[in-house]
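Both of the next two complexes hold chain A, though its partner changes from chain B to chain C.
So, the complex of A and B:
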C-alpha cells in the first residue's frame, strides 16, 4: 500500500502535465475552435477526423516524419555504434575525447540548427562554396525539396548521435572483458566477438536508444522550424510543425488537436512496441 | 602432453609483474600456482593462454614453442574465475559456440555436446540460461566448455573462488574426477593453500612475481624453503620464534606439546575447532599457538615443549631456509 502512496505524487504530476492535455486534445478534436467560430468551442460531430483522413498535407507530413525519423535514427545507430566501439578502446586522452563527443548534444537545438542552416546556405554556406570550387553547379540544398530533408537528417544526426553513443558506451562497459577472451580462446575473430557477444548483449541498450530517439525524432519541431521552416514546398514539414502551424498560424485549435492526438496514437503504439521488445530482452539485462 | 615454461616474464610500464618463472608440468599432472593476491598468479595463466604476450622467456606446449602463437593456436582449455559464460546463450549454445566458430559439423557438435552434458550431469539444464543456474552448475558448464576444446593443457583460474566454502569442499572430488588425472597437464591458480594442497600434485608458491618454492604439498609443509612459504602453508599458522644469532626458528602449532619440564606460559585464549582446539599462549619469547586434542582442558599456567627435529630454521636476513 505504502508503495502506491509514494508514487502518487508522480502519478498526479504526470496526470496534470501529460494526461489532462491529451484528454483535452481528444475532446477538442471533436470540436471546432477557430477564427471562424470566434475561438468558441463548438461540437462539429467528428468533422476534424474526416478532414484529417482526406488531408493530403497531413499524410505527406506523416510520410516525411516517418522518413525523417527512420533514416536519421538508423544512421545514428550505426554511427553511434562505431563511435562507441572506438571510445571503448584504450587510448591516450580518452576522457577528453569522450567529453568532446558529447558536445553537439549539449548545444541547444535552435543554436545548432541555425549553424547548419548557414552551413547549407546558398550562396554563402561552405558546402555551396566547396561545390562551386570543385566545379559543380550550385546545389542550393535547402531550396531543393529532394535534398532539403537530407540536410535536416544530417543536422539531426550531428546533434543526437552523441546521445546514442553515450547509451551504447555505457552498455559496452557492462560487457565483461573475459567473455571476449573466452571467445578468443575458442578461435573467435573480432567479427565473431561483435556478432556473438557485443550485439546480443547490447540489445537492451540498442532498444532503449531506438525508443528514446524514435519518440524524439517523431516529434521533431525546433530543428525543422529553424532550419527550413518546413519548406521548400512543405517537403521537410513534420507532424509537430503542422500541428503548430494549424494552432498558431491558422488559429484552428480543433484541427490542431486532431493532428496532435492522431500523432500521439501512432507514437504511443511505437513506444508500446519497443517496450514489448525491451521486456522480452530483460533476461539478458538481469543475467549479469 | 606437457607444459614447459622457461624464464617467463611480463613487464607492464617498466614494472615486472612476473619474472623468471620456470616450471614443467607433466602429462596428467596438476600444478597449483599459489600466492597472495597481486603476486602474478593470473598473469602467469594469461601468458600461457596467450591472452597477454610474455616479454621474456619461452612457453612450450607438448614440446611446441607457442610463445608467439595466438591463443586459439595454443589449444588451451581455460576456466575463468568468473566462468565467462555467455549470459545470453543457454547452456548448450554456450558449449556449441566454440565448435560452431571452429567449423565443426552440426552432427559432430550435437554428438560432442550430448556426451559432455551427460558426463557433467548437465543434461536437464541444457536449455537454461547461465543466470538460471547455481554457482556449482555454472562451474560445471565452464568446465564442460573447456573440456570440449580438446585442449593440450587446461588452465583453471580460481575455479572455486565464486562458490561458498561448503560447496567448494563437495566439488573438489568432482573437479578432480572430471578434469584432473586426464592426459593433459593442468595448471590450477588459487590463493587458498588448503585447496592447492588438496587438488595439486605439486604447488608453485608465487611471491611478488617470483617463484618462491615449487614442490609437492608434503615438501612444502615439511621443508618450507623460506619464512614466506612456512607462513603460507599450514593452518593454523606456524610460530615464528625470536631471532637469535641471525637465525629465526619456527615451529608448527601441531608440534608443540604439554611438558611439565618445558618452559612456562600463560593461556590467553582458545578456539575450539571440533576435531582439535587451538590455544593462544603468552610466553617469555612472545605469543605461541598450540594445537591440542579437543578433549583436553588446560589450567591458566602450563609448561610446553617441542622436539628439536620439528624446528625449522631460517636465515633472518634472506628469509631462506638454513640447510
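So, the complex of A and C:
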C-alpha cells in the first residue's frame, strides 16, 4: 500500500504533462476548432483524418522528417564512434578535452541554432566568405532547397553527437583489453578488431542511442524553426513545425492535433520496427 | 606533431567552433561583423557587452530567472522521483514494472509536440507568467531520466542494509533520509545537474508560458534580442548575450563533468 502512495505523486505529474495532452490531441483530432468555428470545438466526424491522408504537404513533411532523422542519426553514429575511439585513448588533459566536447550538448538548442544561422549567413557568414575566397560562386546555403536541409543536419550533428559519444565511450570501457590482445596474437589487424570485437560488443549501446536519437530527431522543431523557419520552399519543414504552424499561425487547432497524433503513431511504429530489426540482426550475428 | 594530437585539435575546433565564432562576433564592431576576415583599424569593441548589460531589465535578471526555474524544477523532480525510485528499485511487482514502461514510452515522445496542449493547461489553471509554475512541466519531462537513474542506484544497494536499519527501529522516512539517500548521493547529484541544465535551456514551454519581460528565462531573452529589430538580426548584441549566457553552462560542464557523464550514460544504458 505504502508503495502506491510513494509512486502516486510522480504518476499524477506525468499524467498531467504527458497523459492529458495526448488524450486531448486524440479527442481534438475528431473535432473542428479553428478561426472558422470561432475557436469553438465542433465534432466533424473524422474530417481531419481524411484531410491529413490527402494532404500533400503533410506527406512531404513526413518524407523530409525521415530524411532529416535518418541522415543525422546515421552520420552522428559514425562521427560519435570515431570520437569515442579517440577519447578512449590515453592523452594529456583527457578530462578537460572530454568536458569541452560535451559543451554543444549543454548549450541551449535555440540559441546555438541562431548561431549556426549566422555561420551559414549569406553574404556575411564565414562559410560563404571562405567559399568566395576560394573562388567558388556564392553558395547561399540557407536559401537553396537542396542545401538548406544539410545545414540543419550539420547543426543537429554538432548539437547531439556528444550524447551518443558518451554512451559509446561508456560501452568501450566495458570491453576487456584481453580480447584485443588475443586477436593481435592471432595476427588480426586493428580494423579486424574493430569489426570483430568493438562493433559486436557495442551493439546494445548502439541500439539504445539509435532509439533515443531517432525519437528526438523525429520530433525536431526549434532547430528548424530558428535556422530556416521551414524554408526555402518548405524544403526543411518537419512534422513538428507543420503542427506548430497549423496551431499558432493558421489557428487550426483541430487539424494541428491530428497532425501531432498521426506523427506520434508513425514515430512509434517506426521505433518499434527498428527495435525489432536491430534485435533480429543481433540474433543472426550471435548465431554465426 | 602526432596524428592523435591533430585529431584532438580538429575535434575541439568542431566542438567549440560555433561558440568561438560567437565570441569573435561579440567583440567585433558592427562594421567589421559583416567583414569577418578583413583586418582594419577599430576592429575590436566591447560595446555589444555594454549594450546587453545595460538593457532594461538588466541581463543578470534573466540569469536569476533561469536559476530559479532550474533550482525549483530540480527540487520538485527529486522530491517526487526519490520515493518513486525507492519503490521501483526494491520491488518486482507488476505495478512497478508497468510504471517503468510508462516512463520509457513517455521519454520517447517528442516533447515539443506537447507544448501546444500544455499551453491550454497553463491557461486553464492560471499558471502563466509564474516562474515557479514552469517546474511542473520540467519535472514531468525530467521524470523518466530521474527515475531510471535513481531506481538503478537504489537497486544496487544491499538489501541487508535497509533490513538492519529496520531492526534498529527506523521508520521509512528515517531509513531513506539517514541510511539510503546518503549512499546514493552520486546518482542524486548526476540527476540534479542534468535536470538543472535541461530546465535552464528549455525554450518552447518557457516561451509560451511566460510573457512578462522581467520574468523570461535566459534562452527566451537571448532569442528576443535576435527578434528585437525587424530589419536585421543585431548579431553583435546577440553574440554577446550568447557568450554571457554560456559562461554559467561552461562552468557547470567543467566542474561537474564526471556527474554529467555518469548520469547520461547510466540513464541511457540502464533504461
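Methods note: the second predicted complex is superposed on the first by the 259 of 288 C-alpha atoms of A that agree within 3 Å, B and C clash if a C-alpha of one lies under 4 Å from a C-alpha of the other, contacts with A are read in each partner's own complex, and residues count from 1 in each chain.
Everything below uses one rule, namely that contacts are C-beta pairs under 8 Å (C-beta built on N, C-alpha and C of every residue); 3 or more make two chains touch, one makes a residue touch a chain.
Bear in mind that the values here come from a model prediction, so they are computed numbers and not experimental data.
Engineer: For A:205, select first, second, both or neither according to whether it touches chain B, chain C, the two together, or no partner.
Structural biologist: So A:205 only meets chain C here.
Engineer: Using the touch criterion from the header, give the chain among chain B and chain C with more contacted residues in chain A.
Structural biologist: C
Engineer: Does the superposition put A:40 against chain B (first), chain C (second), both, or neither?
Structural biologist: neither
Engineer: For the complex, which residues does chain C have touching chain A?
Structural biologist: 4-5, 7-8, 11-12, 14-16, 18-19, 21-22, 25, 33-34, 36-37, 80-81, 83-84, 86-88, 91, 93, 95-96, 99, 102-103, 106-114, 116-118, 120-121, 136-137, 139-141, 143, 147, 172, 197, 200-201, 203-204, 218-219, 222-223, 226, 233, 235, 238-239, 242, 245-246, 249-250, 252-254, 257, 260-261, 264-265, 268-269, 271
Engineer: Chain C touches which residues of chain A in the complex?
Structural biologist: Those residues of chain A that touch chain C are 2-4, 6-7, 9-11, 13-14, 16-18, 20-22, 24-25, 83, 86, 89, 91, 95-104, 106-112, 114-116, 118-119, 124-126, 129, 133, 158, 162-163, 166-167, 169-170, 204-205, 208-209, 211-212, 215-216, 218-222, 226, 240, 243-244, 247-248, 253, 256-257, 260, 263-264, 267-268, 271.
Engineer: Please output the residues of chain B touching chain A within their complex, sorted ascending.
Structural biologist: So the residues of chain B in touch with chain A come to 49-51, 71-72, 76-78, 80-82, 84, 86-88, 97-98, 101-102, 129-131, 145, 149.
Engineer: In their shared complex, at which residues does chain A touch chain B?
Structural biologist: Where chain A meets chain B, its residues are 176, 178-179, 181-188, 192, 196-197, 200-201, 203, 283-284, 286-288.
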